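There are two complexes below, and they share chain A, which is joined by chain B in the first and by chain C in the second.
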Partner chain A sequence: MNIRSVEKSTWIFIIFSLLLFIVPFIVTGRSMQFIIIQIFIFAIFAMSYDILLGYTGIISFGHVMFFGIGAYSTAIIMNNMDATVLSFFVAILVAVIIASIVSFIVGALTLRLKSHFYAMLTLALAGLFLVAAEKWRSLTGGNDGFTFRLPEILRESHNLYMLCLIALILFFFGLRRFTKSPFGRVLMAIRENEARTESLGYKVLHYKVIASVVAGVVASIAGVLYALSLRFVNTGVFATDLTIDVLLMTIIGGVGTLVGPILGAGLVEFAHHWLSGLSNVHWIFERWIILYGTVYVLVVIFFPLGIVGTIQSKFTNRTVKGLRDNRKTVGK
Partner chain B sequence: MDLIISLTVNGLATGMLIFLLAAGLTLIFGLMSVLNFAHGGLFIWGAYTGVWSFQMTGSFVVGIITAIITGLLLGLVTERLIIRPVYGNHIQQILITLGFMLVLQEFIKVVFGPDQKAVFPPEILQGSFLVGDIVLIKYRLFIIAVGILIFIVSSFILKRTRIGLIVRAGVMDKEMVQSLGINIKLVFMLVFMVGAAMAALSGIMHAVYSGVIYAEMGLEFSILAFIVVVIGGMGSFSGSLFAAILVGLAQAFMAYYVPALSLAVNMLLMTVVLIFRPQGLFGKG
Partner chain C sequence: MEAILETKDLSIAFGGHVAVDSVSVQISEKKFTSIIGPNGAGKTTLFNLLSGQLSPTKGSVYFKGQDITKLRTTERTRIGIGRSFQITNVFPNLTVLENVRLAVQSQAKVRYQMIAHFLHYKRFEQKAHELLERVYLNDKANSLAVNLAHGEKRKLEIAMLLALETELLLLDEPTAGMSLEEVPAIIEVIKEIKRQGDRTIVLIEHKMDMIMDMSDEVLVLFHGELIAQGTPEEIVENETVQSAYLGGSYHEQLT
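This part shows the complex of A and B:
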């Protein structure tokens, strides 16, 4: 590989990810490390969402179901098999297989629909998964959930940090390569103008389904890591709140940028931590979702490109069509 | 036989409640092409404020009126603050209304507290009629009557009055209506307010029907309304009624015979409709 052909931004990202390897030696507090681990996990989840929303222009309100599939397959396998590294790999494999099958079926059935229908349908499907997890008590433990044991090596907070960081870096560079590939370009073409992409001879549905499978699999891995970090799982992993969280992360950070969702995950997780710490000060902070929702609504109206997107558009005049304001066409 | 009749009455009552919610959703969508994910939030606000004033004054009529007024006001605020800045941009609309739904839901917990609340029907609607061997619960009949009344009144307004003409013309071609000198924005706002009021009415009726209210109820129930709108066809008023009754009946019978599948049956119905008739049963191709 010719070292000169590597983009300047890639070097920045590499340096930054190397720096993150040093962090656990500086930040040794367990609770702080836990927060950073959560940020990594949600960054992976938000990046997978960005493949759908930011790159392909698909709004899914059910992305949380893949996250939940990952979390539950880990928890159930770890609970029923020996707590070894081997069963961890089995869990990953099972999560990936189930998530890809589900995302393929959901995508193939529903992605030909208009954005409204797709959003509603995915919301309803995620609701179905939530109900199923609550009803199937023998397997999932219902709303109370259950704890499970981890292999020795993953119990150490330090090792878990490294695992999540490596996963984040691999997925970041992998997805970045994916979006810059010819395939990723077609996805962006679909986002900009679906009809034109179709008439250029691309089978739009195929591309959309593959995008949703990729996003689903990555989200399921995030779910696996989430279950690992908590050593506990309950129906909360299918909750709509989580979808809103990941939407907020993606949108605040900047859709269609991949870096944005990581930044957004950091901001939202820290804000969450900070606000729930404030609940002793005033009871209103227990209802931090109100603040979240309000910020989210304001961001969608006034700040649709997000942090990274706004900075980028200052430099390159780039716009994201799906979220850009186009008031001229009333309705339709 | 009496079992089947009582399940049918159950199904019809649920169906009417879903219809009240779905009708507003589908009209708003048909006219403004806005899919309002916050509809469940309006539903839950109708339920809480209605129940509150019902328990304060002891009069169910006052409760219903309060719910409707809440719906109208919230509809006005929602349309002005949330929907108007994002007309014509579907992605933004979908994202923003879902966010607002969450805000509405959490505000319920701030104002009325996070716990579940028990609700009892007014005395006049408690108990049941006995026709032969068949037990007909009064409140369910009341819901069905209100649903039919609302359907008839709104169909009459839509089909026989000048306002209805404007709304229907707006659904077909809003630019043309506007160029004929009608303030289409005002029409949008009024339709949105009426739709919100119907959601709120559905909320208070459902609150008394189920006997308990909690903040998450809005999102749960609005999923049923989405299913109904998809099955009936976006923008079709009578399609919504038909699909709502279908979903209500399917739910009632399934809940009795195969309880585990009562939500799945609606998803299945929706999936089948989407595969074979993506525009919905009554939707225009």
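This part shows the complex of A and C:
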């Protein structure tokens, strides 16, 4: 590749990712490192959601099921096999395989169901996984979940940080290239006008299914890392709250920007941390979910493009009528 | 004369209303065919049946002798039926250039490439620029399609259709809603395609004067039925057409 043909923004992202490698040497507190790790994990999760929502225009309320699949696959395999690095790889493999099968089926359902019907269906499917995790006690330990052992090397907070950071960087640049490929361009065309994309000679269903599988697999990897960071799993990884969180991250950061969801993940996670820390100042901070709701409403009304989207539109002066309309349906 | 497109007994009913009623017609290859008829005659519905947006309640469509009645829009585009839309149908939040580039990309059959950067395909971009040049829209290449004036969207629509390089072009009122100054430019583009002589063009139009000197053949639809077919001269002289369409109460729609 010719080094001059690399976009300027790519250099900025590379510099930022290098800076993030230094952070654990400055921020040595375990709890702070843990928060940053969580941000990385949710950033990956939110990016995968952005592929669906921001690029392809598929509204899913059940994206958490892939996250949960990743988390449970890891937990169950690490619990039943020796705590070695090898079994960790097996866990990743299993998570990816299950997630791709499920996301393939879910994606294929877009053939029959449009927009909000599809959204409802995904919500129901995620609920199904939640119930399965609750009831299949022999395997999942039911509601209470279970802890599991990890190989020595993955227990070290520093190593985990590096692992999550590298995963984030790989997925960010990978997905960025994916969205800028001819394939990704067609996804954006589908978001804009599905019928027209079809009459240009593209088989829309294929694109939707592939987008769904890519998003599902990436989300499952986020789930794997999540289980790893907690060394514990319970049915919470299938909870709808997580989908809402990730929706909020994507929308605050900026739909269809890929950097936005990362920024959104950082903001939401830090806000969560600080606001709960303020609980002895005023009781309302304990109920931070109320504040979330308020922020969410305000963002949808005043910054429908999110942080990154708003900045971008300032620079490129692009209008956003259609996107705005899309956002309204999401906001409901 | 070889017929590139043929319909047999083609009908569609929406509830009790028969929008297209047993239309059997042959469209000759490399000719310019116009479809005229008053509002609600079923012209656009017929187009939707030909391009696959709607499927008929009865009858069939043949393209080069192959039965395509069951094919979807995507497949029909791939075998060579391209169409433009009367109600502008573009990708609003993508740039004008990107709109055309997507059509070029489809024509080049680059469909599932997800590793390479889209700018890797420089020739797509070049071709898109050429096409925009042809419809006099190149100065707007980097604006978003949503910001275009109505007439400019119509031009974009035509550029996207041309990009597909289909053998058959279905143009649904390409000049509808355009300002009077813009119409000649578009007619010029269409005449240019006709002059090249390698495409079959089917055009829906309201403006009688425009189609009369361009068309090789004219079809007249009335209440979903095909009431006449022939050269422009024959159509003007046809009595059924005169009483049903050209004369009387419909006259004002023709100007």
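Observations on the model:
Methods note: the second predicted complex is superposed on the first by the 315 of 332 C-alpha atoms of A that agree within 3 Å, B and C clash if a C-alpha of one lies under 4 Å from a C-alpha of the other, contacts with A are read in each partner's own complex, and residues count from 1 in each chain.
Keep in mind that, in the parts below, contacts are C-beta pairs under 8 Å (C-beta built on N, C-alpha and C of every residue); 3 or more make two chains touch, one makes a residue touch a chain.
The shown structure was predicted, so the numbers you read here are calculated from the model rather than taken from an experiment.
In the superposition on chain A, A:V131 makes contact with chain B only, while chain C stays out of contact range.
By the touch criterion defined above, A:Y296 reaches chain B but does not reach chain C.
Once chain A of one complex is fitted onto chain A of the other, the partner contacts of A:P182 are limited to chain C, with no touch recorded for chain B. By the document's definition of touching, of the two partners only chain B reaches A:I251; chain C does not.
When the two structures are aligned on the shared chain, A:N193 is found in touch with chain C, with no touch to chain B. In the superposition on chain A, contact of A:M120 is made with chain B only, not with chain C. In the superposed pair of complexes, A:I59 makes contact with chain B only, with no contact to chain C. Measured by the number of chain A residues touched, the leading partner among chain B and chain C is B. In the superposition on the C-alpha atoms of chain A, the part of chain A touched by chain B in one complex and by chain C in the other spans residues 322-323. Taken in their complex, chain A has these residues touching chain B: 53, 57, 59, 61, 109-110, 112-113, 115-117, 119-121, 123-125, 127-128, 131, 135, 240-241, 244, 247, 251, 284, 287, 289-290, 292-294, 296-297, 300-301, 304, 322-332. On the side of chain B, the complex with chain A involves touching residues 29, 32-33, 35, 37, 82, 85-92, 94-96, 98-100, 102-103, 106-107, 109-110, 174-175, 219-220, 223, 226-227, 229-230, 234, 260, 263-264, 267, 270-271, 274-275, 278. Remark: chain A residues 177-178, 180-186, 188-189, 192-193, 195-204, 206, 210, 318-323 touch chain C in the complex. On the chain C side of its complex with chain A, the touching residues are 51, 53, 72-74, 77-78, 83, 85, 89-94, 98, 101-103, 105-107, 110-119, 121, 144, 146-147, 160, 164.
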